[in-house]
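The following block contains the structure, expressed as structure tokens.
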């Protein structure tokens, strides 16, 4: 998990800058014999693609993924899969002001300080564009999971935009794909639409909370104590642009609970132990329980806004900056498929790790 | 960062079970020529050691660390440092009930499901006792940091116990070491004492939030995009027992902010750029800005409580469980030095990673 | 160093099949600010390119490398560098016979057994074509080395073809680039030309020994005991197609020496200690001494020959096979730049590892 | 495979200096449920232990291994296994001369140059004593292999001492354990005894070649192209003290062969394909064929000899050195169990890697 590679055994290395010729992902460690075609990955990329509603950046990228290696006659061969996505809409003139100034809240300044050089066009490597590569690679992970754990399902959705949370009592899985915010609550989605229109017109931006639920994962995934499933999920989500917090199950709210309230009591069910609640978010001691795995992350507002902010130039003069470009008023929206993709990579990785150390399936039996 | 090893270049591998002969940490990648003696590590272990106040488990462990290798005439040699801590107080009879039943909210059940075998004495590998090894290893990291970045300071403290938060207006760095809760707010500490006494007498437990501030870290630490400083901090903290959430800077609250509110504006100061606020928690794009690095994590309540909870036996019968043993009513207290230790390991690791790729210090200059 | 990635900090991941659309290398961990253009890499690729003399395969590949990321305005940015080489000459009809039969001595059979699927066109992933990616990535390493250790020089050459060795008494560095075999002995090169013509016309093939000398490397590179410089060099060379043996300094012949004969005696010179001989090949205890680092490897003959060999079909029938295609009578020739490239990667990797742990330059002084 | 850790999934980290309190190995990634007791490891350590015949160093170490973690009620639990070996015979006075001078051919000088500090007692970390930890860890790997691949057998033996090779026509597996040299040729063993007595009395030393054969390994182990089975075997063997060359199958002699001679022809046998020869040493394209895996390595003579050699002091004065101590006239003898141990680690590691990516057993079928 060093530098630009994520994963222990199912390893993705993403590469490319926002305004270079292309971006992509090198996927290594993929099991052989899994059906794979570009269209299977395109499906997920299309969910992340900008310019699909007025709530995301109007940059128009085709985001077409090509598979350059690792697949033969429609099946993975077990060798590295190179996924390439060409950059087609690179209006770098929009970014003229950024080259010499630093956007407050943006990685401009830290890239510059660290490396002493950076590609300023569209954020270069720090652009959210990098997440397209993750979505493509996550699509590979999904296809492998489909082959190995047929019932497994990974679903991301937004549970909060700015200060506005969904009402869990109205939670509806079917609703998620019906609104442009991936909200599981139709009423919240309607409110958000109005709220975000206001922000967008004001050239402002706002944060969000995204939740990803993984259902159907077998118990036993994860490895104590530094390869914990939740530690890897936390790293995965925190590595996404603009993420500032990660929670598993109760998350930060677990601090408020007593031991009695937090205990997920257990009873025998028809097919093994069943839990009366899921405060744990499906993970105990870093290992999956078989319940839904629930991970949540907060995305900060994009730093590209129309209101002037104080900053400095590279030569050290005080100035102000306004970011015109074409930006997302709420990048959290497009973070939903990215969170799903990262979750898919982590789950598959731990499935392979478990198979390596223990063999197929959990080794312990209850009852 | 696989299984029981943490870190890219400064790597710690912890080993040992709660009730085996010893636990410890194998520290690899340590720079040579750093003054190191057991007493330097003991200092931090003593902070984590149980039985120091009535608010922590009454298990009495000497927690004396021995350095078995990697040090010659009081200096590190650059070879692996083996840190050994003998287990001295192993009343395993306390744990009789646990061998056959699973504690709700505890890793008992997942270790069993995954491996089909586990050391049930005191939680075995999943015991919070493992964190003593981290504190010892973190002590090594601290000594190296002292040599490499003299001004750097890592301070952990509790900011919330159960529903009770500190008042940031009363924040006092000096207060932290004066109360048994590492609280930076004397009034909160007084309240917590009463609150926790009640819980302790009732055989209950409660969660907490711990914050760690790293001041004096140079800008430029961290590596896009999967070796981000915050991604590694998130993994580090989430790997600590009972942690369910991790935040950087604003954390989950970043979701509520607009771009205007979230921007940490920049002005030139005497020694380079200065920031008007620190919503970012000292990290932008996964790379340190030079501001204080602020990470926060939530610790759930320990699952070992006196109130009976529903559970099942290994053979699949419904039953109830009460955990007598000697347990912490608020494990968050002892998580404070653990969080500091993990922070030290991450910062040192990234300091070495930066030195490898870029050389000494940040490469970019402003002004 | 797992699966398709090589290196600890300077990491190359190669991808692609012989007859897919492209092959390439993802280079991660490159220092920033190093001048880099495609032409600098092309120079080395041109040395490896087939079809340049009658002694290598007549397959005609342009082997033009494109840099898709990680470089801005002619300098590395510290982000991943994607190197892409399109496959242009893919006469896959030549390989019809290979799809259903296994070539004795070739990876056909093991890829099939392991994965149950393989791309049979031109050997797919096991083709020597993969080494073009290594040469491109090694070219990046060379440019970084040029910036970090100006005097360092990496030179590969053939010292044996079939049973015919060079005469070390005639060793001439200048001669290496003058003959098509990279032989440092003009007389040997002349003999080899006649010898290889005979083999080529007979549709046969033969093995070779390649030596790589790294001069000007500082002392102190390498890390005990599993990250030894020689262990990494051994892995690097053994990972090249068709390599069956690796030697450092005296190599296998060290077994014949007594302690007296093997000792490289030391005397103080003008600039520090000097060695009277170099049986060690520049490495002691896995760490460089400052002398020339000398690594040697044996390449077996290609298994693609015109004389029929007994084999079996995928369905298990006994049969014979003749490989027509266009093949190298002595693949060792084209292994020379590949060995150089791998050496460059290893040296740079250890330079970065050393800088991480110890800082710039050796820490110990003599005199 | 960085610094002091070896392996991808079955990972061993050795630690400790020759004359510190103890040495040991931290073994991570071990499958659960494997019967394991110290006696099972002791068996192999006893083979490596010095002082057993007049042909090895007279240093007397009990080399008793203790298992400190990872085993419960005689079975591995899947958590890290800490193996501890106390140093009991530490006559460090023997080494007085070495602290200030550098032994030609020894790691003294490179450790000093790299780190600027080293434990000079008995070679410190560079002592062959480190290999005891490998043998213990390899013992764990052997027990796991016994459980997973019952028919697999790993046998090491010496095939050359100084210039004296065994006669392959007299190869006898039974003979190996009957003589103090692990020679498979009784006549050679008798000759070597006389030869080595002469060297020993003269205070000299000599090199050797060790071969390790792994029979019963399934086809399909190994992973292109940098995780090749032979690349990992090469790194494993080259990481052993004093090793200067590694060969697979024909090894360096493969350079002399034509394609016709090198081809291991294939015929269908009762249980699948059979090979008419084994020039490949059981590995093609980095993946095992199912034949015997044959790896060979050359051990240089120990640099500790009684004849004075020219060297320098730390302060840069020319001088001479004689190493009195108690040393092995032919360290190759004790390298035999070490080579076996490393082979066991590599094979198990790749068995787990294969199981992770592909599942149990080879996926492809022939016939």
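Going by the order they are written in, the chains are A, B, C and D; count residues from 1 in each one.
Please note the rule applied: a contact is a pair of C-beta atoms (placed from the backbone, for glycine too) under 8 Å apart; a residue touches a chain by one contact, two chains touch by 3 or more.
Since the structure is predicted, the reported quantities are computational estimates derived from the model, not experimental observations.
In terms of C-beta pairs in contact, the better-connected of the chain pairs B-D and B-C is B-D.
Farthest from chain C, judged by the mean position of CA atoms in each chain, is B. Computed centre separation for the pair chain B/chain C is 45 angstrom, with centres defined by C-alpha atoms. Chain D has its Cα centroid 26 Å from the Cα centroid of chain C.
A separation of 39 Å divides the Cα centre of chain B from that of chain D. Looking at chain B, one finds that residues 2-5, 9, 14, 29, 32-33, 78-79, 114-117, 125, 224, 353, 358, 363 touch two or more other chains. Of all residues in chain D, only 9, 29-33, 78-79, 224, 352-353, 355-360, 363 touch chain A in the complex they form.
Taken together, the chain D residues at the contact with chain B in this complex read 2-5, 9, 11, 13-17, 20-24, 26, 28-29, 32-33, 66, 68-70, 72, 75-82, 114-119, 124-125.
Interface residues of chain C, counted against chain D in their complex, comprise 1-6, 8, 14, 102, 104-107, 109-117, 125-126, 130, 160-163, 199, 204-209, 219-228, 230-239, 241, 244-268, 272-273, 276, 279-281, 283-290, 298-305, 307, 309-312, 314-318, 332, 353-354, 358, 362-367.
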